[in-house]
Amino acid sequence: RNFATVERNCLPSEKYLEAKKKLDAIISSSDSSSVTTETKARSLCEIYSNLELEEKALFLNTLSTEYGLNQDQVIHAAQAVLALREKGSGTLLRAEEKLRLTLQPRYQHIFAVVGRLEKGVKFLVDIRADLMDLIQARSASSTDSEDQTHLRVMSNNIRELLSLWFSVGFLDLERITWQSPCDMLQKISEYEAVHPIRNWTDLKRRVGNYRRCFVFTHASMPREPVVVLHTALTSEISSSIQSIVQRNARLSGEPEPVELSENTHSISTAIFYSITSTQKGLQGVELGNYLIKKVVRELQAEFPNMKNFSSLSPIPGFRDWLLSEIDSFSKTKQKPVLLKREENKLSSLDSKTEPIVTLKHSILQMSDSATWFQNSPNVDVISGILMRLCARYLYIEKRRGLALNPVGQ
Amino acid sequence: RNFATVERNCLPSEKYLEAKKKLDAIISSSDSSSVTTETKARSLCEIYSNLELEEKALFLNTLSTEYGLNQDQVIHAAQAVLALREKGSGTLLRAEEKLRLTLQPRYQHIFAVVGRLEKGVKFLVDIRADLMDLIQARSASSTDSEDQTHLRVMSNNIRELLSLWFSVGFLDLERITWQSPCDMLQKISEYEAVHPIRNWTDLKRRVGNYRRCFVFTHASMPREPVVVLHTALTSEISSSIQSIVQRNARLSGEPEPVELSENTHSISTAIFYSITSTQKGLQGVELGNYLIKKVVRELQAEFPNMKNFSSLSPIPGFRDWLLSEIDSFSKTKQKPVLLKREENKLSSLDSKTEPIVTLKHSILQMSDSATWFQNSPNVDVISGILMRLCARYLYIEKRRGLALNPVGQ
Amino acid sequence: RNFATVERNCLPSEKYLEAKKKLDAIISSSDSSSVTTETKARSLCEIYSNLELEEKALFLNTLSTEYGLNQDQVIHAAQAVLALREKGSGTLLRAEEKLRLTLQPRYQHIFAVVGRLEKGVKFLVDIRADLMDLIQARSASSTDSEDQTHLRVMSNNIRELLSLWFSVGFLDLERITWQSPCDMLQKISEYEAVHPIRNWTDLKRRVGNYRRCFVFTHASMPREPVVVLHTALTSEISSSIQSIVQRNARLSGEPEPVELSENTHSISTAIFYSITSTQKGLQGVELGNYLIKKVVRELQAEFPNMKNFSSLSPIPGFRDWLLSEIDSFSKTKQKPVLLKREENKLSSLDSKTEPIVTLKHSILQMSDSATWFQNSPNVDVISGILMRLCARYLYIEKRRGLALNPVGQ
Amino acid sequence: RNFATVERNCLPSEKYLEAKKKLDAIISSSDSSSVTTETKARSLCEIYSNLELEEKALFLNTLSTEYGLNQDQVIHAAQAVLALREKGSGTLLRAEEKLRLTLQPRYQHIFAVVGRLEKGVKFLVDIRADLMDLIQARSASSTDSEDQTHLRVMSNNIRELLSLWFSVGFLDLERITWQSPCDMLQKISEYEAVHPIRNWTDLKRRVGNYRRCFVFTHASMPREPVVVLHTALTSEISSSIQSIVQRNARLSGEPEPVELSENTHSISTAIFYSITSTQKGLQGVELGNYLIKKVVRELQAEFPNMKNFSSLSPIPGFRDWLLSEIDSFSKTKQKPVLLKREENKLSSLDSKTEPIVTLKHSILQMSDSATWFQNSPNVDVISGILMRLCARYLYIEKRRGLALNPVGQ
């Protein structure tokens, strides 16, 4: 059961009405830090969590449309700004501050109150995941377009809040080993989608010697890895991820991985062979990139001879998928592959070629075993773009079941 | 030396120009998460910290005026919203989103980048403290009014960011004892302004038996107490703080406080005799209230017989100051004592009396030894208001040297 | 391969001779705390660990016979004591001190030096395990009796040292949960012999709700559980361990145990259903009893309604084994079941009956579901004895494969 | 008040008789691990701690004389050994084991039971300190000689137990900084006798940059430094400790030491300028030496250029004291300065010279700024001896007030 299949016009249950009542009470409360407001917010969260799927959909719809902007106030404030534009800039500034405030949807106030609760941030992450599911479930139907816009605006609103709360300074880097708590290891095993973990022996190997498993955790979600990065350490770049996977396969009959001690000086290459963002509700909040940057610094500190950081080629299916996306865009000019800022960067590398073409050439030039994340400026630009696209491939496309190469699933 | 005395029209030094160059680079960078942008932001922070006071003033002025809103874009977007107001709400919503974005000053982008750096949040706290000093230093001169507005808007902008980052979920409650790290205890000793700590023996007593010292710390400022709350535990409400202070005085000749073990069952009263917010840059970010709420819960869990939580009366000078503020406002209607929402609450208690009069009556009814923070609804409203005003008294007025009663300093 | 099958008269290898050389050097060194002595001791440990089994046997034999007492010195000192017995007690005392020192075998000095090394205590635990294996392997052959005596004396000597080092104050009680480090959980799974753990789901259940798993760890063996105690918490005494085991069996098909939250107030009974001492070399060092005592105190503190602590009956096969041992002793007067001090205690309960008969009656009176560890004085005596015998059953008899009831294995 | 001045023949109080009753109960108890025995031992400790000084003396006397060896058993067992000496060595061995057991005084059993209690090891350390005080107080009077022998034997007996419990593996090395718990820093301040700490600013400096303060702690005495070692880090060997002390003096007016960051590469020398053993009851248990060895290893790991470890000369008064001790012994042959094993070592360096003369020459050759703890074999021997003597100077002689140089006090 998911949002795509639920009844649209359900009759609101008592629980639903209760939730709405809490909503109104919080909105109208003048003191958002009072004990009573907090208590209401806490029970709102609990009620929502226990709603049936159709009522969750109804609730999110209502929240995004009826608790958004006060249009009259916005119009009013916008007119005031226009009227004052010739006045001194101090007066104008104050009018603009007012306008800015009217443009904050009322549900933002709810989210701020919820975010202050214990486990409130996690609740917002989860409600955003629901929102995204709902938006996706309805994206086919064109009749919903206005509702969809409201939902999207609300989803963006939560994302902006979460971006501030999941700022790098609030994320803790943690290395996971066989000495780490069992519940963390179990979660890491379950979240691993790219190269599924078969059993505990396999898991022990992935956090053992010649491997590094790093996670970001966040104060608002104790004992929960937010992003997981698996890394293999070798003396050379593997020609493909298959060799790493197969090595595991070969060993998997053995009761226990051999505890080879690492030869620090022979290690020159780190292969990021799997990255997983575990919270759907944090999509659009840049985390994976930051984790990779931090891990690169950790590994450089640990291994004096570390020279190569490789990620691209081992991800099965990514290269093919990307080339097909590029071709499709080149033909139809639909579904742009590159962001505006990425186009600008590519143009700055080669102003005479179309950005998308520059990208394609770069990919074709890279052999399968090529490394990225090296120091030439071009590589920097290209690898940044490829990493974003790769993340997109892993996070989004694969969920849709569009991944071309079945090995990668 | 402070902002009140610095030269206004200094010639920008090379360092200053360097800072401005970094500013431009960060603003124009398309990728705020790139390593280069971060490096620039880091050196901007370092340069600013080393600027002379007059250049800091100049820099803050420039930042608030030249890196704020793009007025043309605002006007444009406001016009678009007005033009679309009859169209479908989806279209209008998108125009409003655009308008909202144009109303985000460009320096907000800088702050977001800085906030992601290690120690970046602390930098923002410190820059806001500078801003507040600057605003205060210039508040006398009427010619500055437009600059002041820009500075104030920027100060609010930072405050809003900090409010999100210093949300309760990100603050760690810590009890400080004689077993706590020495550097924490030293800081607590230095920050204590209400009842200054004389020596280490005195300090040992304040964290010893029949006392509780709690702090909030924050991930962005390790080893730094953000708010400090000193509490005395007794079997009855002290008639005044003087008895607590004098008891210390009497003992202060002794080499070591006697280690009385606490009689848990006789403890019924907690007196919050000193609360200190250590970061000027966090003024306006509600923290003290949350700390008290958390401590109340801690103490209730620890002491089954805890019934009274007292704070108001022991703060010397507060009652007199507040009554004089009320009278002054009643006469002049200048410098309002109450917030709008507080007036509303007081009206709801007694709709026939002016709110300020209701407040005054309540104060006069309370004997010196009265407790607040009990459960009747009136007390809840009144004590909330008194706590905010008391915080104001301790934080602001006393810094201006306006505290009437010299004992309190 | 074990000590029972190795060649007796092997030609000493170079490694063996090297080990003996270190031995002589340490014995003759005057300063046992010098860096050089420590270095020699460290390499002695390493060499021993790498010896073949026959050479280990040879080494232990040599150590116990050639590095024991200096018989001449002993005789001399004993004569001196006898000669002085009429002299003042001060003189006699000094002679006795001297005699006492001559009665310390020289290998004791080696063990003291080794014990000070990092991991030295663990080495002594392991060498004692070897000793016990060797003694057992040769116990059949009567020709070895003199060698056996030397080995036994040396084994006792190490046990006395270990008893001091594994004193309760040096053992840390740790509760193991699913949040504990994975390597600890893996070891607990592997050590569990009484009711083997099938898989990680099963393991998760045994450290989950309505269960408690406690271990003793020791500073000398980090990350190593020395004794493990599994406890089930119920509202009544299970009629047998089978129901606990079967409950697991029934659930074991499910992917994940249901996370029932514990109803603290309904819990009145703790069933110690499995206790494992993981270090053979610590046999004879009382640990299990202390662990149970500590756990009893922990559980009483956690559960206000805890009334029964049950252990005996659920251990399959124990009752039958014990009754057969008693009968066999009653007939043959060989292989005494009770220690002298236990006989005394039983006599003090009932002076007219033979101690062994008192014990038998007590056992027969206890129904299968009886609890022990309650407060009547008789129960205290009986349960103490039964616990020792039960430990003996679990530790020793089962290793010999003598356990009667196959369920228990 | 101390043992030297107390009444000898006090009438035993009820408390005293109670203590003796517990003693008898523990001795006669057959099961030393039972709950009742433990309870008795716990109350024995408590009663002893509350005895008056004269009764403590009486108690220790009684314990050492009446709870020591059973002379009849000893004589018997010694005769048995002599009778069996021609029999096979197995039989003899068993007789010797028996003899060894009879030579264990009965109070050893008490100490073993106490050592297992929580805080029991600390109690034994304290009771030994009492013993040493008592022995010293009575050392003048010749009439006590027999009692003294009993007390000395008991003191040695406890020392042997403590030596095993304070083995290096059970001691935790901890670096103390300004971030360490305040109670630890306070204790370190109070224990510092060689160069007393004036105030908290002074203390902050001694744990700050260019200094290292290390302690050993022990599981049996949480939050208690057992040995403290203060080290100064410099680029050359200070000509004297005075310069270090004076530097402090000069700065002590300042409110806060300047936080110089350390220049790791310029540091080549560590000067151990003060070592303190805080527990009198651990005298004779080698700890200081082990601490220095561990710290040397720590510093070598931290500072790649560390070459010199200096300690001797800076200890004021030591050189003069030692030379005078040597001369006194050379003349009178009383109060030997060197242990037998030290004499042997010195003879092995230079067999033709008397050991004490070799030592004297070495001292005279060392200039005041000489370093020791370097790698030539001679230096190793000499420095070992000097360290032991230096410890003796600091621990013992100074307590007697014999230190010649008043600066050192």
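A, B, C and D label the chains in the order they appear, each numbered from 1.
One rule holds for everything that comes next: a contact is a pair of C-beta atoms (placed from the backbone, for glycine too) under 8 Å apart; a residue touches a chain by one contact, two chains touch by 3 or more.
Remember, predicted model here, so these are calculated numbers, not experimental data.
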Between subunit A and subunit B, centroid-to-centroid distance (C-alpha), Å: 33
Separation of mean Cα positions, subunit D and subunit B [Å, integer]: 53
Gap in Å, rounded to a whole number, between the CA centres of subunit D and subunit A: 61
Subunit A, residues touching no fewer than two other chains: none
Chain contact graph, described as a line, ring, star, complete graph or other shape: ring
Full enumeration of touching chain pairs: A-B, A-C, B-D, C-D
Of all residues in subunit A, those that touch subunit C in their complex: 178-183, 185-186, 200, 204, 223
In the complex, subunit D residues that touch subunit C: 30-31, 33-35, 68-69, 71, 74-75, 78-79, 81-82, 85, 88-90, 92-94, 96-97, 99-100, 103-104, 112, 115-118, 120-121, 145-146, 149-150, 153, 156, 161, 164-165, 167-170, 219-220, 286, 289-290, 293, 341, 344-345, 384
